[in-house]
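Below are two complexes that have subunit A in common, paired first with subunit B and then with subunit C.
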Partner chain A sequence: MSAETGLRVAAEPTLLSARRRARLTRGAAPYALLAPATIVVGAVLGYPLYLLVQLSFQKYGLPQLLTHHGEWTGLSNYTRILHDSQFWHVLLRTVTFTAANVSLTMLFGTLIALLLARLGSFMRLLLTTGLVLVWATPVVVSVNVWLWMVDYEFGVLNWTLTKLHAGNFVHHDWFANTLSGFGVITAVVVWGAIPFVAITLYAALSQVPEELHEAARIDGASFVQVFRFVTMPLLKPIFIILVSLSIIWDFQVFNQVWIMRDGRPTNDYYLMSIYSFVESFRVSEYGLGSAIALTMVLVMLVVSFFYVRQMVRAGEAE
Partner chain B sequence: MTTAAATAPLARRKPPLAVRRRRFLVAVANHSLLIAVAVLFLAPFAFIALTALMSTNQALSSHLWPQPFRWSNFVDVWSKAPLLRWALNTAMYSGLATLGVLVSSIPVAYALSRLRWRGRDAVFLVVLVALMLPPQVSVIPVYVLWAKLHLVGTLWPLIIPSWLGDAFSIFLLRQFFLTIPEEYLDAARVDGCGELRILTTVVLRLAKPAIAAVALFSILYTFNDYFLPLLYVGESPHHWVASIGLSQFRSLHQVQWNLTMAATLLVMAPVIVLFFLAQKAFVEGVTLTGVKG
Partner chain C sequence: MKIRLVAATIVAVALAVAASTASGASKATSITVWLQNDAQNGWADTVAQATKDFQKEHPGVNVDVQYQTWTDHLTKFDATIAGGNAPDVIELGNTETTKYMANGVFADLSAQKSSFPNSGTWLKGLKDSCTYQGKLFCVPYYTGARAVIYRKDFYAKAGIKGTPTTLSAFVVDNQKLMKKYGKDANFSAFYFPGKNWYASMAFVYDWGGKIATTRKGKWVGTLDSPQAITALTTLKSIVKSTSRASLTTDESHPYPSVVFAKDKVASFVGNGWEWPYTLDPKVGNPALADVMGAYPMPSHVKGRYMPTFLGGSDLGIPVTSKNKDLAADWIKAFTSTSAMTQIAKAGNIPNTTTLLKVNAADPKLAPFAEAAKFTWFIPVTPNWANVENANVLQNMLVNIFTGKQSVKAATTAASKQITSILNASA
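What follows is the complex of A and B.
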């Protein structure tokens, strides 16, 4: 084919393809491809939400599960949990737990991301490999090994602390006290959550033009000032996303607590997710469990909403 | 050249002692921090490996290094628990769910990125909301639905939902499809390809890295999943997957930490193998979610 005919052939179908695309857009093809998405919206999202709200207004126990019909009881599930002091304790504990976990994850994640940016490429690759390995580790595996390390009789942590003369930790049970028990749980959760935050932040950091840092340094800015006034504002969008995601993830921590307490957590180890799970699937009060789950989702949405608004406002004020 | 002339430019180029000392200290600080972080993140893995090779008594002593190496732990574990059954169940859950995620999410991602139709942005918004919405919303009602269908106690409630599309995979694939130059698709349209054929012949080939990342994430997610298997097959040991089995194994063999760690290592082995085979796709996948917006 000569160049001339090639050009003509190329020019004609461009028109044709545009027309065809216009026709296709109105045709059935997109809607056929869309069918799965419609199911996502309808079946996987909307319908369960509707059912959850419905269940939360019903008495739905084992007999109702067998006959598939709930008994309408109005607001009784909600009045029950709101008058239950345990609910308020669990809510407070979950909020505190989330705040601690998100702050620690973000703090260490940011520090490690900054460290990654300052290292040579070989060291960086080494550290990234370690991080991604931790990130890929199954939660059961990490809980098992952490339990082994803090084992009250033979754990390496008690042994090391005693050897270092940090006190007598022989036969020290870390789960005897709820606070230190949650300390261990926090360690496992944060340990597993840092890699995602660190790698994402590092990837974002590497997009910040070096000239900006240089300019700030020439103007005499310290390391902290460069971070505060140059890096931080540029990373704000990704920071907002990471914090919101962390809040959502840490607010619903279940596995770590459940496996660490051998599937039988006592009341003082209840977080919202565990409380809802036990009420629904162990006590078989699905209605009550739904009310707890819905409250939990609302609290989570309110917290993330206020957080995001705060961040956006702070950005506008500057 | 005289010595004075040779040293003068050198001396001028060399930063003052204070600066050099500070730079050296910063480098030391950076690397000691690096070592601390690396130890913190990798020490647990060392403990798994070392304990897995000890005898039961040695695991309970204060010695950190196995003596002698007891490789037979890895054999003993198989007789202590139905590892093979767990492995088969896990493979079934992981394989079928991953296949489902790919088959259902790729067309949706294509429709959301490369076709123009009314309501597209609205649907994409729904996908984003689905991504943000906590699973607590659906756990109880979906369980009640599966109970109605009498499928609680089987692996199907874990597998079937992934055939209906997965928000995270759709999001990730869409982001990648958007980077494919329109010219490629137009060329195929010129040659008379329908949209479905463009998807299967052109887009799938160009988007291999993204599809690999999505498949990896799905395999990893299902392999690590503990909550849903606990909910649906927790009471029926016949259908246990590795994660449930492993947590039960530890409860049953309380002080035999060497065997528990050997089992832990065996469960982790596929993840490690997969990880080293596909390390690049992993890191790319993680970066893909964050940066390319």
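What follows is the complex of A and C.
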């Protein structure tokens, strides 16, 4: 209380300058408020990123690890990647993998969100609980559970399929064929990604005024038409965000492949993240690994940029 | 695992801080030892005993033994070097040591060599894997030879007398087993996971092939040689007709002994320790004790065995360790004659020739010691570890066994990659 009166006493004589100061502070206040977050982000993200960029222009192997000093080599890491045919294979595989995973995640996420909006409260609670449980399961745990299910010797999936007379699945190796292997991996990734998309979309759906749907239906619109012309345009901003986030996440899938292939994936299971990890941590070429990681981020930025621009333009056209 | 490592580090740091403030001196009270989980599964008691013996000389010094797995121990090791908290003692496979010795990661032990137990009679193969440019950088730990571990009862019921002494007899016997038991889709006469490159390369070396060789001072991958192609083609047909193991997993996912213990496998190529491991009630089946046997893998040449991979482990002290003397003393305790005898009895070949009689006298160890008379080893160069870590051989084997590539195409691609990795500037 004494502090308050003290302040007032101090403020009164200089009323004019105080007003000017207030205007100034009003301009500076947002920045002051942003400062702590900026500093934290700068420290935990900016600095490592700076080191990563630096590393990508260096030769950094075991001897450099011991001395903590890299050897500058200019662009050599980057030229090495671009001349490596494996890099282009991996890039293509990663882009295809991301496209498939994002599409499937969005498709099933949207369907489940629409289902949630139509369910009775008990079933909705049940489904939401299920989704949250999936979401809450740590990746390492869930991947191992899935891995056991598709296990070559003792897996329940092979057993069930055989019992159902779907064919002879005794000792079926899901990973012998890369396509079926990636099928399993996609299933795990999509399964894990659906809850976030479904719950977010359900939240967004519940914000769409029911009158709009009603009006459309009175005008004779079918279910698909209502979704296409009423729901979709309203949800578009959310879709853009969800798809962008999904692209970012699926582009960097690592754990699912790594764990499912016992930490030693053969090179037909390399995604960009795995390729980068193997080059840095397995072969102890940390500079090269950093260059791959940065290239991966660049590719992701370009893909996301074109996607967002396309979506925004499509919105303007309508 | 990361969390555990972080937690372990925090605890270690906390302990170190607590200790240094308590005693007021800079005397270390804790050393960290990284051993592979083979020790945890097979001879954890010996490890505990070594620590006890060590602590008799150094009372109050805590020994933190952390068990690692082969898949990621080097990754973690690199990370701890960068972070400045590398262990004081680390076990490295004898194929991994050259890279680390050449890059100056290990402390030079040449001056104190004679202070290590049995150092005059260390196995040559292991000692070589600890020597770089004439200096000693690590201490031989143990080695193992692989042999065929088999079911005597299955062999007898399939009408097989004795054990095969040539590869063609081995193939015939396996066909008999498949005829007798093969209707069960889970049965394998000869269980062979597709990524088992140690056992696969044995075929290559048996035919006189090599992974790589030096020509005019440069390394050349030679898995595309006619000998290697013949060997791998033979192996492919053996695997195809007698094994129902996954073609895309390695010999530790699952351990063949685990499948063997479930009565569906007549034989597999295994290390000495896999015999007792099969009988371990926790992971295997003790009831098999009377029906198990082992014999050296026969060669395609009569009167010889197929060369077995001279796999083994060494113990090194990273240059970053602040307690090198304590670390060396712990290694001495762990490689003492009595500890080595225990390790031999757990199914391994000890690090000294003076103890080989332990193996020869034990029917469960003798076949492996016998197999060790013919061995092969990987190309000794600092870059070899990168060939292993880039999974070159495993990729090649999976492509061959699954039929994704012909033997010729797969070996040509692998040879090219091996040439490029081995010649990369260090």
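Everything below uses one rule, namely that the second predicted complex is superposed on the first by the 280 of 318 C-alpha atoms of A that agree within 3 Å, B and C clash if a C-alpha of one lies under 4 Å from a C-alpha of the other, contacts with A are read in each partner's own complex, and residues count from 1 in each chain.
We adopt the following convention: a residue touches a chain if its C-beta (ideal position, glycine included) is under 8 Å from a C-beta of that chain, and two chains touch if they have at least 3 such contacts.
Since the model is a prediction, treat every value here as computed from it, not as a measurement.
S.K.: Name the contact category of A:Leu298: first (subunit B only), second (subunit C only), both, or neither.
M.R.: neither
S.K.: Is A:Asp262 touching anything from subunit B or subunit C once the two structures are fitted on A? First, second, both or neither.
M.R.: Touch partners of A:Asp262: subunit B and subunit C.
S.K.: Output check: A:Phe281 vs subunit B and subunit C. Expected answer is one of first, second, both, neither. What do you get?
M.R.: both
S.K.: Mind working out whether A:Asp173 is in touch with subunit B, subunit C, both or neither, as first, second, both or neither?
M.R.: So A:Asp173 only meets subunit C here.
S.K.: Regarding the shared-chain residue A:Leu62, is it in contact with subunit B (first), subunit C (second), both, or neither?
M.R.: second
S.K.: If you stack the two complexes on chain A, which partner ends up touching A:Leu115: first (subunit B), second (subunit C), both, or neither?
M.R.: Once the two structures are laid over each other on A, A:Leu115 reaches subunit B alone.
S.K.: Examine A:Trp146 and indicate which partner it touches, taking first as subunit B and second as subunit C; both and neither are also allowed.
M.R.: First partner only, subunit B.
S.K.: Name the chain, either subunit B or subunit C, that contacts more residues of subunit A.
M.R.: Between subunit B and subunit C, the winner on subunit A residue contacts is B.
S.K.: With both complexes overlaid on chain A, does A:Leu82 touch subunit B (first), subunit C (second), both or neither?
M.R.: The answer is neither, since A:Leu82 touches no partner chain.
S.K.: Who does A:Val156 touch here: subunit B (first), subunit C (second), both, or neither?
M.R.: In the superposition, A:Val156 contacts subunit B only.
S.K.: Overlap the subunit B and subunit C contact sets on subunit A and report the shared residues.
M.R.: The overlap between the subunit B and subunit C interfaces on subunit A comprises residues 65, 68, 153, 262-263, 281.
S.K.: Note which residues of subunit A are touching subunit C in the complex, please.
M.R.: 61-63, 65-66, 68, 152-153, 168, 170-171, 173, 175-177, 262-268, 278, 281-284
S.K.: Where on subunit C does subunit A make contact in their complex?
M.R.: Spelled out, the residues of subunit C in touch with subunit A are 71-72, 74-75, 78-79, 81-82, 99-100, 103-105, 185-186, 195, 244, 246-250, 253-254, 259, 319-320, 386, 389-391, 394-395, 398-399, 402, 404, 426.
S.K.: Over in the complex, which subunit A residues touch subunit B? Could you list them?
M.R.: Where subunit A meets subunit B, its residues are 10, 13-14, 16-17, 20-21, 24-25, 29-31, 33-34, 36-37, 39-41, 43-45, 47-49, 51-52, 55, 60, 65, 68, 112, 115, 118-119, 123, 126-149, 151, 153-154, 156, 159, 191, 195-196, 199-200, 203-204, 207, 237-238, 241, 244, 248, 251-252, 254-255, 258-259, 262-263, 273, 276, 280-281, 286, 289-290, 293-294, 296-297, 300.
S.K.: Inside the complex, what are the residues of subunit B that reach subunit A?
M.R.: Within the complex, subunit B touches subunit A at residues 30-31, 33-34, 37-38, 40-42, 44-45, 47-48, 51, 59-60, 62, 64, 104-105, 107-108, 110-112, 115-117, 120, 123, 126-127, 129-130, 132-145, 147-148, 161, 164-165, 167, 170, 186, 189-190, 194-196, 220, 223-224, 226-227, 230-231, 242-243, 246-247, 250-251, 255, 257, 260-261, 264, 267-268, 271-272, 274-275, 279, 282-283, 286-287, 289-291, 293.
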